[in-house]
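Structures incoming, each one as structure tokens.
Next come two complexes built around chain A: one with chain B, the other with chain C.
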Partner chain A sequence: MSAPGLQGLRPWIIQRITAVYLAIFIIYFALSAPSMGTMTAGEWRAWAGSPVNTISLGLFLIATLWHAWIGVRDVILDYFPNVVARLFVLALVAAVLLGSLLWGLKALLLML
Partner chain B sequence: MAGSDSRPFFLNLIKIRLPVPGVVSIFHRISGVFLFIAIPWFVYLLELSLKSDEGFEQVTRLLNQTFSKLLLIVILLSLIHHLFAGIRFLLTDFDIGLDKQQSKNTAWLVIILGIISFVLIMFGVCS
Partner chain C sequence: MRFRIYRYSPEKDQKPFMQDYELNNIVPGMMLLDALLLLKEQDPTLAFRRSCREGVCGSDGMNINGTNGLACITPLSELKEPVEVRPMPRLPVIRDLIVDMDSFYKQYRDVKPYLIVKDPLPEVELQQTPEQRDKLDGLYECILCGCCSTACPSFWWNPDKFLGPAALLQAARFIEDSRDQATEERLDALDDPFKLFRCHTIMNCIQVCPKDLNPTKAIGNIKKIMVKKSL
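Right, the complex of A and B next:
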């Protein structure tokens, strides 16, 4: 925040780094997770419970939420010129994302 | 602002003929918002499916409902478009595909690859 000209650069870069991870994980998930129609609870838990997959899922969760925050924030800044409305919607989105983070972490902690 | 009065100024969305790259761009945004809305639902399903065998069964039953299937289709379409359009935007960050014709071609490519992937995935799921 010390360099006014650079304020938008950090989220811009984070948006792109998380995008690359999200793309890689989605392809990995599609190829390696048990297929949705036929899998059993045990197979699913075994997949999500292997250390590499638990960690990749955790990173995916964080990357998704961060990516979504930056993206939705950009959309809100475009369509809510009224400062009060803008802050309200931003806070709402932040609450949804932070809630999802806590609930998602709870899901992954079940794997430990 | 001299001479700018003759600009076509209308926000009638039906009258605006958006070029293909513009269509890809606005759907990237719309699909992004859809995917954001899907996040809490997916996190809820993830937690439920990992919690217990009963939870997993509950998720299976939930996802077998017609309404859930419709939602999943919308989310799948959004994800596919967001992914391909996103890759296209990342390439433009590296100055790839910037001239007008190329940008038109890659926009069409995003749409066509999206449709093909969607059809293939639906085939895979239904067969």
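Right, the complex of A and C next:
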């Protein structure tokens, strides 16, 4: 097999589901969060601290990173025919995205 | 009329080169294939495939002024001079405009392009309603010229692993066929990161198909059927 562990249909569906969630969340965020330019740390904390917003922000974080993983994975599958080079770049991207996930979760937990 | 034609004979040429030709005896209504045949009289070493000369056999697929098409149904009056003719991209060149189609045919074979029926065959033919038959329109007409697959960037990057629009159109043709009893196996075989899902709906295939077929739509339909099945 040319790409062990990688699937076809499942990531394609997840890419679409996360895209729908991202679109809905971005509209919700734009309408409900205090304006970015003038927002104070306290206001931001109050908004993100409400249970609905904490959960939807957490889902947003996961959806963004998952969506990014599938998109970048697709680009890498297209342009890296060499299996070793491909695995290396995939691992690099996975490390950056996992790091971002931990960082984002930490920020979310500090909010509570 | 001026022509620039890709020439390459691996046995004697170090690398491919473009050769200029000129034709004076152009008659209105002539197709590019007619011009190539006249040029072959001038220069018998020029090599290209052709057979039916009316867009049915799919032998003379080539890259004409940057776009894949069949020489026999491309009117000279629509072409800008000098007419640049090259072999279809990404396939190995055997000589001049003749490419090695083996990998293309292998992909075609990979999708099992024939009816698979597990039940005992009926005494007469397998029957279909007119609606079931209508689903095959736009799928069965493919002449396997290779214009679409060799115009597809996803095929250029992964010609050995991505099946390409031509083979996927045939996969769709048998997945949609009400008489076929291997739909599940066909769908499972395509659920892989490369075979089907390298298609990024670039749609070069639709643009170049000489039979005006729509492989992108067929690929989209396969994805839809896969999603329905997985739910």
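FYI, the second predicted complex is superposed on the first by the 105 of 112 C-alpha atoms of A that agree within 3 Å, B and C clash if a C-alpha of one lies under 4 Å from a C-alpha of the other, contacts with A are read in each partner's own complex, and residues count from 1 in each chain.
We adopt the following convention: a residue touches a chain if its C-beta (ideal position, glycine included) is under 8 Å from a C-beta of that chain, and two chains touch if they have at least 3 such contacts.
These figures come from a predicted structure and were not determined experimentally.
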Partner chain(s) touched by A:I13 [first = chain B, second = chain C, both, neither]: second
Partner chain(s) touched by A:S50 [first = chain B, second = chain C, both, neither]: neither
Which partner reaches more residues of chain A (counting touched residues only), chain B or chain C: B
Partner chain(s) touched by A:T64 [first = chain B, second = chain C, both, neither]: first
First, second, both or neither for A:S32, with chain B first and chain C second: neither
Partner chain(s) touched by A:P81 [first = chain B, second = chain C, both, neither]: second
A:L110 touches, of chain B and chain C: first, second, both or neither? first
Interface residues, chain A side, partner chain B - complex: 16, 19-20, 23, 26, 36-37, 40-41, 44-45, 48, 61, 64-65, 68, 71-72, 75, 93, 96-97, 99-100, 103-104, 106-108, 110-111
Contact set on chain A toward chain C in their complex: 2-3, 6-9, 11-13, 74, 77-79, 81
Footprint of chain A on chain B - complex, ascending: 29, 32-33, 35-36, 39-40, 43-44, 46-47, 49-53, 56-57, 79, 83, 86-87, 90, 93, 125
Sites on chain C touched by chain A in the complex: 154, 157-158, 161, 190-198, 200, 223, 226-227, 230
